[in-house]
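Consider the two complexes below, in which chain A is the common component and chain B and chain C are the respective partners.
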Partner chain A sequence: MFFKLAIESLLSRKGSVLMTLMAMTVSIFVLLGVEHIRQEAKESFSNTVSGVDLIVGARTGTINLLLYSVFRVGAPTNNISWASFQEISSGKNVKWAIPISLGDSHKGYRVIGTTENYFKHFSYGNKTPLRFLDGKPFKDIFDVVLGFEVANKLNYKLGDEIVLAHGIARTSFSLHDDRPFTVVGILEPTGTPVDQSLHVSLEGIEAIHIDWEQGVKIKGLNITNDQLKQIELKPKSITAFMVGLNSRIATFRVQRSINQYTKEPLLAILPGVALSQLWQMMAVLENTLRLVSVLVLLAALLGLSAMLLSSIRERDREIQLLRVIGAPPFFIFMLIQLEALVISILSIILGGSILFCCLASVRELLTYHFGLHISANIISNSSLVFLSLVLIATIFAAVIPSFNAYKIAR
Partner chain B sequence: MIKNEKTIKALSLRDVKFSYPGVREKMVLNIPNWSIEAGEQVFLHGPSGGGKSTFLNLLSGILFASQGTVNVLGKQLQKMSGRQRDHFRANHIGYVFQQFNLIPYLNAISNIQLARHFCDQKKVGQLHDEIKNLLSILNITSSDWSKPAAKLSIGQQQRVAIARAFINKPKLLIADEPTSSLDANNRDSFITLLKSLVEKQKTTLIFVSHDLALSKNFDRSQALSDINLASGIK
Partner chain C sequence: MKANSLKTFFTLLTFSLIVILPWDPAIQAASHEHHDEHHDDHDDHHDEHDDHHDEHDDHHDEHSDHHDEHGSQKAHLHGYAEMTVAIEGNKLEINLDSPSANIVGFEHKASNDDQIKTVEAAESVLKTPNKMFLFNGTNCIVIRTSVDISAVLEEHHDEHDDHHDEHSDHHGEGEDVGHKNGEEIHSDIEANYKFSCDDGSKLISISMILFNHFPAIEKLKTDWIKGNKQGSLELSSDSRTVIFR
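Presenting the complex of A and B:
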């Protein structure tokens, strides 16, 4: 009966209640959304690479190197020479090295020229190695291994032939259509940018560019695939490389020696440190977003309080009547509290569901454009903590109108 | 406590003085001695603003006197806590006002259920039959039972209010100008229905009205000014 009274009372004031409900829903949406995306982005970022001790590239900003080598966002500033790679990767502390050569793409997905080491040593998440869903690593010059999403979205299977495009634009006019690649392997989903990558051998990258110069195909120069096999396809340069060391203790020493490398300006970064720098950069943004969402919630709660407060004035006689039929003042107090909580809980459900739908529909865009993997599952420990805080804040916001009603009832 | 219906008073007030906090010097009620026998039907009249509402609120325990004793159905209201008085009121006192007797957004049935909610007897199965029974006796057609109270006519609202007041079988019924918003036809049927229920349930009735013509319907008629000696009536 208590519950029914609160519900019927809210229903009898549909207009103002609906407006308040909407304000609360929007604020819950913003609050949960900001919190969820923040967490997911952080998770997604820090899970992208693990087990790599150093990332080495041409001298540039730490974060820039991290972005293009790991996240495949942005463009590399410069290449590094193959000779430098060979010299550093043969150092005594180096256990393994994965060269990376970027610059080509396929229907918007980036192509990575690398070696078999990539499949052997690269890991993500909690040191999870890459696994093959189907097929095996590339062996031949024109073999390609697809990330899960590439294969899934473009509906490729083993044995399909695909053509790479020069440059990283989504729609490229210069295609390497004279030398198609054959799909020999498809990786398991990882939830990292690996899913959106195509992996070919460094020789493959070299081969498709052999009769190109300055980004365009040289007219009249056609080298057949048979001729290619005769040529030694040694890369002259690569974009970056990842290094695994024998002992982590040596990390700083190796880093320093790479940074002081005299033959070429190089930069070695620790992925973990670079990641946390990236997050420090975002901290201001993060906190601003949080602050804004809290203020939005505060505004909505004040609106709720104001709505209830003005309703109390209209409900003077109703309260007197309840008193006469035996309702204690505390009942009246709790009635107003319940009305506030009902609005709050409804807006949590509404805001949560709208957020869920939005995330489910934009997550592909986020993945595509920003390499962010945002799950639509918004129920986490921290979101539950936030929601209980919202409920507690609601109780506080409703104290003034509830107490007003209580005073009338006294 | 209840020994014999004839000897026990339904209501007795002795040396009751009341003034509102903040205006202490201005006494609203000063009642040396007044009582009603159990089962008696008393008509009280007086001009509006004559301390009537205060007097009735004192009897129902919404207000309580700073001095003197108010004894209702054998219980001293002053000795009860606020919670106990609310409980006592829910269980034993029915109330009908001039208007706004019902929660406007609840339908007739829910309004009556709500009155039962604060009372001790909570057998829901029987309750529905009791409510339907009462509403039929009071000439409310079943199609109006589930309409929000605000959609009912004033006459219907007042009759539903009787049902609401009687659902817990109160020993005391206080009717505060219940017919003042009604036209002559509705007023007469209201009084007839009220009296038949009061007689059937042997309820003690206090009927307050400024309309002296109604006094012929009741056992005893008294002016509030005869009971209340407070001079400074606002």
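Presenting the complex of A and C:
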């Protein structure tokens, strides 16, 4: 009866209730959205690389190196020489090293030149190694292993031939069309930038650039694939490399010695350390976003309070009537509170479901453009905490109108 | 609304990256030409003595030009120091690298009795890990302490013996990559500590009580590794605890 009365009284004032409901919905949408994306972005970043002790590249900013080597965000500042890679990776503390060479692409997806070590040692999430959905690692010069999404989106199967493009432009006209690659493997989905990558051997990268000069193909110079096999395809430079160490406690010592490497300016970073530096920089931004979303919520709550307060005046008679049929003043107080809570709960449901739909529909765009994997599951501990705080705030916001009604009833 | 909030988020994200990246102190750390961990040969120390005298007169310029030979300049920021903490199993290793000014208040060789006293006082604190660190969660015993304060002190005291230990040890654990230059004069003080903990996995945090003794250190950039986890934070006398999580 109590609940029904609250619903009926809300329904009798559809217009203003609907506006308040919308304001609340929007504010909850923003609040949950900011919190969710913030968390998921962090999670997605931290899951991308695990088990890698050091990442080594040209001397640049720590975060810059991390972003371009692991997340393929931004452009490498410089390459490092193959000799440095060989010298450092043969150090006795180094367990394994994965060279990475970036710069080519296929239909907007990045191509990574690397070695078999990539499939052996690279891991993501909670130390999960890369696994093959189909096929095997590359062996031949013109073999390519596709990330899950590349194969899925472009509908490639084992044995298909694909042509790589020079540079990273999505519609590139300088294609390496004289040397197509054969798909020999497709990786399982990982939820990391690996899904959007094509992996070829470093020799493959060298081979497709062999009769190129200064970024363009040299006319008339054609080397056949048989001739290629004769040539020693040794890479001169790579973009970066990842290192796994025998003893973790030596990480900082190895890092220091790489940073002091005299033959070439190198930078070694610890991926986890670089990530926490990134979060430190982001902290101000995060807090600003949070503050804004909390203020939006506050505005909506004040609107709710104002709406209820103005309704009390026109409900003077209703309240008197309820009193006449025997409702105590406290009942009136609770009635107004209940109305506020109903609006609040409805907008939580609405805001949550709209957010869910939006996330589900823009996920792929986010993955494609930012390499961010955002799940549409918005229910987490912190979102539940936030929502209960919203409900408590609603109760507080409704105290003034409820008390007003209580005074009239007395 | 939603598209906007997303867009704003990423625009701001990108923007802040662009703005902040050039100021990243880690960039300076990258060009940070560390004095390496005393595994240089002994003879180098002596060579260095000769050099000291030349350098002595122009130690004002010291920051800027005495590292030239390595091709990269060491960032030298007074008030700022760096620390690394590595935990693996029950082994714990801490390294502190700070401009001398933070520790003793000057960057040249101690020239009068007062200065020598200051250096000796600082050295005795640096050599007493109990005065520097407070371990929470488990008990850790120091196995080896090595403090390189030679930048501000003429004599080497008993350090020579330490160096021998260090020497063999470092080769054991491997300083892999090419670094073989002789020691050079620098205005940094470096301290390295090795501990053995009862249970390394239970070590939840370390409080840096060294702020009590060296108030000139305003910011202490601390990078840490504990098993699979890595992290970094900036400590100050207000927040002096590094929590491994």
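Going forward, the second predicted complex is superposed on the first by the 410 of 410 C-alpha atoms of A that agree within 3 Å, B and C clash if a C-alpha of one lies under 4 Å from a C-alpha of the other, contacts with A are read in each partner's own complex, and residues count from 1 in each chain.
FYI, contacts are C-beta pairs under 8 Å (C-beta built on N, C-alpha and C of every residue); 3 or more make two chains touch, one makes a residue touch a chain.
A quick note: this is a predicted structure, and the numbers were derived from the prediction, not measured.
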Joint occupancy of chain A by chain B and chain C, clash or fit: fit
Task: Determine, under the contact definition given at the top, whether A:G159 touches first (chain B), second (chain C), both, or neither.
output: neither
- request: Classify the contacts of A:P328 with the two partner chains as first (chain B alone), second (chain C alone), both, or neither.
  value: first
Task: Report for A:G15: first if it touches chain B alone, second if chain C alone, otherwise both or neither.
output: neither
Message: Is A:I258 touching anything from chain B or chain C once the two structures are fitted on A? First, second, both or neither.
response: second
Task: Specify the partner with more touching residues on chain A, choosing between chain B and chain C.
output: C
Message: Quick check for you: in the superposed arrangement, does A:E318 touch first (chain B), second (chain C), both or neither?
response: first
Message: Under the stated touch criterion, which partner chain does A:V94 make contact with: chain B (first), chain C (second), both, or neither?
response: second
- prompt: In Å, how small is the closest CA gap from chain B to chain C once the two complexes are overlaid?
  reply: 34
Query: Okay, in this complex, where on chain C does chain A touch?
result: 1-3, 5-6, 9-10, 12-13, 16-17, 20-22, 24, 26-27, 29-34, 36-37, 70-72, 84, 86-88, 91, 93, 95, 170, 173-179, 181, 223-225, 227-234
- prompt: Given the complex with chain B, which residues does chain A contribute to the contact?
  reply: 1-2, 4-5, 8-9, 11-12, 317-318, 321-329, 331
Query: Contact residues on chain A for chain C in the complex?
result: 26, 29-30, 33-34, 37, 50-51, 59-64, 87-88, 91-94, 127, 247-254, 256-263, 265, 267, 269-277, 280-282, 284-285, 289, 354-355, 358, 362, 366, 370
- prompt: Which part of chain B faces chain A closely enough to touch in the complex?
  reply: 60, 62, 82-83, 86-87, 89-91, 95, 97, 100-106, 110, 113-115, 117-119, 148, 164
